[in-house]
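Okay, so subunit A shows up in both of these, paired with subunit B first and subunit C after.
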Partner chain A sequence: MSYFSDIYNGIKTLLTGMRVTGGYFLNARKGTLTQQYPDNRETLKMFDRFRGEVVMPHDENNEHQCTGCQKCEIACPNGSIEIIWDRAIVEETGKKKKKIDQHIYHLSMCTMCGLCIEACPTDAIVWAQNFENSVYDRTQLTKVLNQPGSKVKDGIED
Partner chain B sequence: MTKSIHDWLFSILPEGIASITEMVLIAVAYLALFAIAGLYLVLLERKVAAWFQLRLGPNRVGPFGIFQTMADALKLVSKELTSTDRVDKFLYNLAPYFVIVTALLAMTIFPFSKQLQAFDINIGMFFLLAISSIGVIGILVGGWASNNKYALIGAMRSGLQTISYELSVGLSILTMVLLTGSLQLSEIIEIQRTGGWLIWQGHIPAIIAFMIFMIAGTAETNRAPFDLVEAESELGAGFHTEYSGMKFAYFFLAEFINMFIIASIAVVLFFGGWLSPFGITEGITWFPEVFWFFIKVLLIIFLMMWFRWTFPRLRVDQLLTLEWKYLLPINLVNIVFMAIVIWLNWIL
Partner chain C sequence: MSKDQIIKSNFKTEEYFINMGPQHPATHGVLRLILTIDGEIIRNIEPDLGYIHRSIEKMCERDSYQQIVHLTDRMDYLSSHINNEAVCLVVEKGLEIEVPERVKVIRTIIAELTRIASHCLWWGVMGMDVGALTTYFYAFRDREMINDIFEETCGARLTMNYNIPGGLMFDIHPNFVKRVKDFITHFKTKIPEYDRLLTGNVIFQKRTKGIGILTKEDAISFGASGPVARASGVSCDIRKIHSYSAYDQVNFNEVLFTEGDSLSRYKVRIQELWESLSIIEQLIDNIPEGDIKVQTKAVIKLPKGEFYQRVETARGELGVYVNSTGTKNPYRLKFRSPGFSNLSVLNKIAKGYKIGDLVAIMSTIDIVVPDIDR
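Right after this comes the complex of A and B.
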C-alpha cells in the first residue's frame, strides 16, 4: 500500500516545489536580487553585516576609543595589525600611561576574519561597509587608523 | 505559398532539377529554423532560469540580452577544435554529427501547420521513436572516443538512462496511438479537429500518459533533474567534456532541439498540434496556424524548464527505481485502461 501513497506524496511534494518556484517566477520583476553594480554605484548600499575594512571611528573632538591594549594585534592571525605605542605622563596623577602612537592596519593582508573586532574591549575598531578598495599602489593599502593629533576618549579605561 | 513556389520551380526548370532544388530549399529552411530555435531556446532557458532564481539574466548584449546567444555562438565558431591525446579521431569527429543529424531528421516530420510539413509519412510516430534512439549512439560514441574516464562514465550513464526511459516514452505514445488509431502525425491532428484535443478525448488515461511522457521526455533529453549524463558536479561535463568549439556547440544545440522535439511530440499527441483552442481561429483563413503550434510548444518547453529549476537531481539508483518500479508498471496498466476506455466507448 505504501507504493501508492509514495506516488501520491511524490506528486504532491513535486507540485509544492513547483508552486514555490512558480511564485518566484511570477514575482521576478519586483523581487529581483541582482545589483547591476557599476550602474547603481551611487545608490548601492551594503548591508550592515558586510565586512569591508577595519576602521577606527573618531568623534567630533578627534577622540577615539583605543587604549593601546594590543589585544587586536595579538588576536590577528596573520599580523595585519601593528600598534606602535608610547607612554605619556598624565597631569592629574603624574603617572605614566600607555597610549597609541600609530594603529597600523594592512588591508592587503587582512582576511576579514573579524577576530580583532571581537577582541577589542572598548569597541574602538569596527567594520566599515565600503567595498571599493582597489588602488594602483600596494603601499596605499597600509593604513594608519588613528587620525593625526587624535587622543583617547576620557574615562574609556574605567 | 509553398504551392506557388513549387509551381514556379517546375515551370522554369526540368523536373529532376526542380525537385532537387525544392529539397535543398526545404533543407535550408529547416537548418535556419534549427539554428534560430536552438539559439533562442538557450536564451530563453537562461532568462527563465534567472527569473526562477530572482535574477535578471543576460541583459547586456542588445536590448534584454537578445543577442547574447548570437555572441556566444560566434565565440564558439571562432574557437580552436581541441582533442585529447590518443583520441579515436574518426569516432570523435563523427559523434557530434550523429547527435545533430538525428535531431534534425526528427524535426522534419512535424506538421507545423496544415500546409507546413516537409515529410508526412504514415509511420510518423514510429519514425520519431526510431530516430530519437539513434541520437544516443552519438553520445555513447563521443564518450567512448574521448579517451577520458569522465566522458566514458557519462556516456555509459546516458546509455542506461536513455534505454530505460525510451520504454516509457514509447509506451505512453502507444497509449495515445491506441486512441488515434494512426501513426501519421497529420492524421492524428485531424482526429482532434472534431472531437477535441486528445488529452480531453482520452481524459484520465490520457492525462496519466501525458505525465509519464513529460517525465520520460525530460529524461530522454538528459536535462535536470535527470542530468546524470552531464552531471557537472561529479563528471565535469559528462560525454562532451573533451569537446570544444563548434563540436561542443553541436551537442549543446542538439540538447535544446531535442527539448523542442519532445515538446512538439507532446503538442501533436495531446494538445491538438496547430489546431486553435476551442476552434477560435477555425474560420479565419489568413490566420497562421503555425502560431498556435509554436505557442503550445513554448508552453511545454516552459514546463520542462520549470521542472529543471525546481526539482533536485536524482541518483542513478533513484533514476532506475523511478523508471522500472513506477513508470513502467503504471504505463502498462494505463495502456490496458485506455484499451478498456476505447472498448466501452467512454471517449469524451
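Right after this comes the complex of A and C.
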C-alpha cells in the first residue's frame, strides 16, 4: 500500500513544484530582472554612494582641494595611497606651505573600505561610480589623482 | 552456508583515501576534505584547512581599531555587516561609549537583512547541492533586492564596511525605508514559494530526513552554534541570551527543532527568514531620529585590559576577544568564528553515510571557508 502512496506523494509534490516553475514560465515577460549589461552601458546608472574608485575632482581652473595633510594616507589600511609632497613659499605671506606633488593611488591594492574619504577634511577625494576597472597591465592601476599642473584651491585649509 | 553468504564472505573491500576539494564545487570554497571511504560509504572525514588562510588576526595587531573593521568583511563575507558590528561593539565596550538609539536600530535592521541575504544564498545553494538548479535563480532574485538596498545605503553589495567604532559611516539613504518595505512585501510571498518548490518535495525529503543526525550532547560538546545547534535543540541564540544593539526592543522567537537531522537544520533557517522579517517589520517604521555616530578620537586607544563581545551571525556565534595594552593597536585579537566549530561536527555526523549525503550535510551546516580559515 505504501508503494502506491509513495507514487501518489511523489507525483503530487512534483506537480506542486512544477506549478511554481510553470507559473514563472508562463509569465516570463512579467518582472524580468535580466539586464543586458554590456549593451546597456548608456542607460546603466549606479547608485550615488557606489564605491568604484577614488578620484580627485578638479574644477575648470585645474584646481583641486587637496592640502596634502596625508590623513587619507594614514587612514588607509593597506597602503593604497601615497602622497609625495613638498613645501613651497606662498608669495603673499612669505610663509612656507605644504603642497602635493603627486597623489598616488594604487587601485590594485584598494579594498574600497572608504576610510580615506571619511578621513579627508576638505572633501578633496570622492568615490567615482565606474566599475569597469580591468586592464591588461597592472601598472595601469597605479594612478596619479592630481592632474599635471594643478594646484590647490584658494582658501582651503585643513 | 547459503550461496549468497559464501559470496559475501569472500567479497573483500579495501578502504581508500580520496580528496574532496580543495576545488570541489560542493565544498563552497577552498576546503579540502580527506575522505576515507569503503566503496561509497564514508568511514572517516578529515578536513584539511589552511588553503585560504590570510592571517587576519595577525593583521589586526598591526592595524588601528578603525582599520580592523574592514578586515572582518573578508571573514564571513555573507554576514559582513554583523562581523563589522561585532568589532565595533567590542571597541565601544572598551571605550565605554553608548551609541545613539538610531544607530542601534539601523544596525539591527541591516544585520537582519544580511541574515536574510545569507540564508537566501544558502537556500539556493542547498537546492543546487541536492540537484535542484532552479532554487539558485529564485534565491538570487530575492537576494538581489537586498544587495541593491545595501548598495544604495552602504555603497557596496557584499563587503560593506558601514559600521565604524562609535556609530555608522553615514546616514541611511532616503529611499532605504521604502525599499525595505517593498522587499518585505515581496519576500513574504516568496517564502511559501520556497516551501512549495523544495521543502515539500519528496526527493528533497528523502535526501535530508534522518540524515546526518547531530545529538544535543554532541552539539554542545563540539561547540556548535547557530542554526546547526538550534536544530538539535540547543538554545544558543546570542540575540536572546546576550542581547545587543536593538534586539531587546523587539519580539521574536528562537527557532528550535529537536531532530538534529539535515531537514531540521533546513527548517530552522527557513523559519529564521520569517523571524528576521518580523524583526525588521517591528523596527522599520520607528527608526528614532538622532545622531548617526558618537565622535571618537582620531586615534582610538582602548584602555588596558581584555574585552569580549559575542554576536549572532547567520552561521552562529561570533566572538571577538581583544587584549589591549593601552596602545593604538590591539596586543592580541582573536575571533571565535562559528564556521570552525560547526565544521568540526562533520566527522561525527557524516560517518557511515554516502558521499552524496555528505554534500547535503555540508550544505546544511552552511560553511563559509574564509570564516573557518581567516
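Just a few scattered comments:
Criterion: the second predicted complex is superposed on the first by the 123 of 158 C-alpha atoms of A that agree within 3 Å, B and C clash if a C-alpha of one lies under 4 Å from a C-alpha of the other, contacts with A are read in each partner's own complex, and residues count from 1 in each chain.
In this section, a contact is a pair of C-beta atoms (placed from the backbone, for glycine too) under 8 Å apart; a residue touches a chain by one contact, two chains touch by 3 or more.
None of these values were measured; they are calculated from a predicted model.
In the superposition on chain A, A:A128 makes contact with neither subunit B nor subunit C.
By the touch criterion stated above, A:I156 is placed in contact with neither subunit B nor subunit C. With both complexes superposed, C is the one of subunit B and subunit C in contact with more subunit A residues.
Once the two complexes are overlaid on the shared chain, A:I104 sits clear of subunit B and of subunit C alike.
In the superposition on chain A, contact is made by A:L33 with both subunit B and subunit C. Looking at the shared chain after the overlay, A:G114 reaches subunit C, while subunit B stays out of its contact range. When both complexes are overlaid on chain A, the residue A:L141 reaches neither subunit B nor subunit C. Look at A:T21: by the touch rule set out above, it reaches both subunit B and subunit C.
Common to the subunit B-facing and subunit C-facing surfaces of subunit A are residues 14, 17, 20-21, 33. Within the complex formed with subunit A, the residues of subunit B that make contact are 48, 50-56, 306-307, 309-311, 326, 330. Residue ranges on subunit A touching subunit B, taken from their complex, read 7, 14, 17-18, 20-22, 24-25, 27-28, 31-34, 36.
The touching residues of subunit A, counted against subunit C in their complex, run 6, 9-10, 13-14, 16-17, 19-21, 33, 46-47, 49-51, 75, 77, 111-115, 118, 127. Considering their complex, residues 63, 66-67, 69-71, 73, 134, 141, 144, 151-156, 159, 161, 164, 169-170, 173, 193, 196-198, 200-203 of subunit C touch subunit A.
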